[in-house]
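After this come two complexes, each holding chain A, first together with chain B and then together with chain C.
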Partner chain A sequence: MSVEAREARQPWILLSPALSAVALLLFVPLLFIVVYSFWLRTSTGADQVGFYLDNWQEALTDAFYRDILLNTLKIAGITTLVCAVMGYPSAYFIARSRGNKAMLLLLLMLPFWISYIIRTMSWINILGVSGALNSLLLSIGLIGEPIQMLYNEVTVILGLVHFLLPFMVLNIFVSLDGIDTTLEDAATSLGATRWQAFLQVTLPLSLPGLAAGGLLCFVLGAGTYITPLVLGGPTDAMFANLVFEAIITQLNWPLGSALSLMLLAVLAVLVGIYNRYLGMAQLMKGLG
Partner chain B sequence: MTKMDNTTRYERLRARYMNGDLDRRSFLGLLGAAGAAYGLVTPYRALAQSVSQVRFDGWGGVVSEALRANAFDPFTAKTGIEVVDGTFGGGDEFLSRVKASQEGEYNIAHLSGVFDYARYHGLGLTTTLNEDNIPNLQNVIPKLVDVFRDVTDGSLSCVPYDYGTTGLAYNRKHISDEEMAEKGARILIDEAHKGKIAGWSDWRTRMWYAALQTDQDPNNITDVDAAWDAVRAHRDLALKYWGSGAELMSLLAEEEIHVTEGWSGRIYALQEQGHDIGYMDPPNGFGWQECMFVIKGSPLEACEELLNFMLAPETAIAVAEGQNYPPALDPQKVDLGDKIPTLPAFDPSGTLDGLTFADPAYWNGNEQDWSKTFGRVQKGY
Partner chain C sequence: MSSVHLKNIVKRFGSFTAVHPTDLEIPEGHFVTLLGPSGCGKTTNLRMIAGLLDPTEGEILIGGRRVNEVPIHKRNLGIVFQNYALFPHKTVAQNVAFGLHYRDVPKSEIPGKVAAALELVQLPDVGERYPKALSGGQQQRIALARAIVTEPDVLLLDEPLSALDANLREDMRVELKRIQDKIGVTTVFVTHDQSEALAMSDKIVVMSAGRVEQMGTPEEVYNTPASEFVANFLGASNILDATCRDVSGGTAQLEAPLFGAFGVPAAKAGGVSPGPARMVLRAEKLLIQPPGTTAEGQVQAEARIETVDYQGQTVRYFLRVGDTQLQAINMIDERPFEEGAAVTAGFRPQDCAALPVEAPR
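== the complex of A and B ==
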């Protein structure tokens, strides 16, 4: 075998464990889900094998699923926006700090050391009727009765922001860190104020990072079901909750499969649009 | 000849490779073959080897703690068979896991309600226990055994273990006993407590209480639309649907809510902790029985031995006292001690005539339709 041929094979050999894992753990299960989506659930909960379009017809034509999907996209959109607004200043601060950057990044990663569910449930102890915030407000006499703060759409968004903010900050940080700081100095030396230099130089250059963080937050936010389950009220369900209910509560795996593929398709379209205009390279940088 | 395990096999292969006795291709090939063989053989190992462990799945929390301390650890000490216990949040979730598992992966489950037993039977997951190996079954209340026999044509795939009710739990600081007695199940749709009401996110419980709120027989709801309207009314007044016993206890203990329906044993546990929580079974309140269900494909003799051990009066009483649900043992045959007669739902006669149980045929017949409808109603539809 020639040296060129061996070198050409080398990356594939090195990639083969990862590719095998992706094929076995992602594509094969996905294929099962596609197949399942064409089966039917019988009255006993057993599956009827065959090729039926009933689940797809129901998923695509029932207004119930459409409304919950739109609500999910709305919650994910608001969460992403909040993460962007809160995350940008933090990322800017970390990127421009001298000396303690590593420490700040470590602090940013610290929440990942605690289980996502525990982090979500911690809000119950903070915002609950007998939680820390109500106790504080009562003790300083600002309120006479505890305020009901939990179990609504706002707390769902709060929980999601808590979960997703580090992803946003990291992506923006990577983008900002790669920008030459002398560019801002050059802009100010040409008469721009610091604010104008930021708006016309730094912000446009960091937009790919912001978009990558936005995409990650949106996709992860739209697919969550724990947060609305723990922090949401009776009507604050998201689309992933419907998938959970179809599969777990109703034992209707075929319909649950169709619903999960529907959500996947919507999110895949968003990723496709992102890739078309910004490319996946920025996202990979942020994840790295 | 000494039997070689996979770790030894890998170490020897690696040593040969490092010594240059084996080329890289052969080494990787043999390693792959060993891995594939291990993966293929592992699911069937349980069938081939003697039973050294049995898997048990239950509700977690105080129930699991009681079983671990009073049943599993003593059983392991006596027989050498280890009991590995897992937990689930609800019967639906567990059934989904069993459906996705291989035969023999799950062995014994603490199921709630005869309707669950019937669902497992419908999915072909029942087995036939040899009752000769479970002599302590003789001490169980006959009524509890008979309903299971009716489902599986006279045989048993489970043993009844305990019973309880899903009644009304209320915080006495905010709701008096008199108000509860006056309003009964309707307190869950009372505007006066808007935002301080909760309920289990279980379609059966929601429909059962909706039947009570609309003066209907829970086992024969004739005006289904009225019942759904009651479910909607409850939803609009509720702060939260709870999904587990721990969440139920937390909502009541933290005073996030004033009233909900709740599981009798969990409410008793709260009362034992000193919380001033009242508990009331309204007329036709939701009675249920739990069983230890053996799933098809399990090592039967080991499971039967464990079930018999669990039904021994000293074990069953200790577990019952720990989990605060009366045992399935017949009080007319077994002395149940001092604490059990004080537990909610306890029936000293052993006839259980005062409790209303869900008719499995009726509820399973409506399961597909009502569980789906509740999924929508729950979300505002």
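== the complex of A and C ==
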């Protein structure tokens, strides 16, 4: 076999374990879900095999689902925005710090050593009726009665920001770290103030990282169901909670399948738009 | 255009002193080169002039005005960075126009000035391209155009040619000097390359380990080095122990173990007084001749060639005289001597310089 032929084959040989795993564990189950979504759950509780559009009709026309979908996108959007605003300065600080970059990045990764669920639950100890914040406010006499700060949209967003901020920081960091600092020096030497230099040079060059971080935060945020479950009130359900409800609680796999495919489709469109304008390579940089 | 004066500048990073007390005056319109090995503090000096670093002690004056407290964007400088630092997301024209937006240049005049600057660097047609689409030498020219289009008071260049390959570097050297002559801007040029420094500068400042070793015209630093460091850094030199017998009548009488007694012009023996001294002989001033040659006015010694390093136009010999190794770089006349050949090595006393013995540092 020629060298070229061997080199051409090599990537496929190396990729085959991963490709088989993806095919078996992701693609095949996804196909099941697609098939399920056309079945019908009868009143007896048994699934009727066939090609029914009932689930899709319900998912696409019921205002209840539409409102929750819109609300989910809104919460994911706000979360992404907050992460961007909070994450950019941190990423900038890490990227421009001398020497202890590795240490700062390690600190950034530290939260991942603790389960996401535990981290989410920790807010109950902070904001709950008998939590730390209430105790503090009571002890300094600012309030007479403990106040319920949990179980609303704000706490859901808080929990999501807590969860997603490191992803945002990491992505922006990767972008900023790749920008030559002498570019800012050059800009200021030409008469721009440091702020103008940032706006004219650093910010535009870091937009790919910001966009990649934004996409990750949005997709992960929109797909979450634990945060609204733990920190949200009865009216704060997000779309994934509906899927959870349909499949786990009501055991209605066909409807749950249709709903989950709907969310998947919406997020896929977003990823598609991102890919069209920025390319997936940038996202991979931020993950690696 | 302005003069630049570093007045008793010191720069420390923590406990490390990168620039020891330095006093440096660069007259208006001059082309001054900071020359020294890597890590000797050239960039640090340049960045202090630019306002990218604060001096720990001392004053920086530009055009006679103290600028220590003036931020970089108000110093009206042009800087060319070693890696060019062109903005990758802006076109060449946008790069060149960048500084004009922060000056009182009417918008309608910007395209004209950009075109003139691109013309000056002989790249009139690349305005719409992005820097990535240009070669290294072209990027270099654009960086220069961007730095001078704003008519800066001072032009600072930090090893601007070192990223180019050898041929291009020599072309750009001539080009850069032509442009500097044309616009007459006060220029501080940083390099570790002695031939660049010698070819381009009005004055060379030779630096070592954060200190100025010597400042002078290229001829001065080359022909009358002020220290052994300068003698070694600019070209190849033989530095030998000698004894000074007497300094009088414009001549310093030296005696060297291998070559005997001879007189060196006092102008080339600054600071030498009777007693131990060092003689400095440039490798190209040591002439290798067939054995037994006698030449009027030459100080000579018998030698044996140890190594021949053939370089085309010239040849570099390592030779042994007694127990000392010397090097000589000679033009090739017909064919070079061969290894092991017995020869006569000689020099004219006026080509030799003398230095006082330096206290160890």
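FYI, the second predicted complex is superposed on the first by the 288 of 288 C-alpha atoms of A that agree within 3 Å, B and C clash if a C-alpha of one lies under 4 Å from a C-alpha of the other, contacts with A are read in each partner's own complex, and residues count from 1 in each chain.
One rule holds for everything that comes next: a residue touches a chain if its C-beta (ideal position, glycine included) is under 8 Å from a C-beta of that chain, and two chains touch if they have at least 3 such contacts.
Computed from a predicted model, the values in this text were never measured in an experiment.
Overlay on chain A: chain B and chain C fit together in the combined arrangement.
Contacts of A:T61 after superposition on the shared chain: neither chain B nor chain C is touched. In the superposed model, A:S115 lies in contact with neither chain B nor chain C. Of the two partner chains placed around the shared chain by superposition, chain C is the only one that A:G191 touches, whereas chain B remains out of contact. Once the two complexes are laid over each other on the shared chain, residue contacts for A:L205 go to chain C alone; chain B is not touched. Between the Cα centres of chain B and chain C, as seen from that of chain A, there is an angle of 150°, stated in steps of 10. Contact with chain B, but none with chain C, is seen for A:I248 once the two complexes are overlaid on the shared chain.
Greater residue coverage of chain A by touch, when chain B is weighed against chain C, goes to B. With both structures placed on the common chain, the touch criterion links A:L183 to chain C but leaves chain B unconnected.
Think of it this way: put the two complexes on top of each other by chain A, and the tightest Cα contact between chain B and chain C is 47 Å. The interface of chain A with chain B does not overlap its interface with chain C at any residue. Against chain B, in their complex, chain A makes its touches with residues 41, 43-46, 64, 68, 124, 128-131, 148, 150-151, 229, 233-235, 237, 242, 245-253. Across the complex, chain A meets chain C through its residues 180, 182-183, 185-194, 196, 200-201, 204-205. Of all residues in chain B, only 90, 92-93, 95-96, 99, 119, 122-124, 195, 203, 235, 238-241, 243, 250, 254-256, 368, 371-372, 375-376, 378-381 touch chain A in the complex they form. Every residue of chain C that touches chain A in the complex is listed here, in rising order: 50, 52, 71-79, 81, 83, 85-89, 98-99, 101-103, 146-147, 150.
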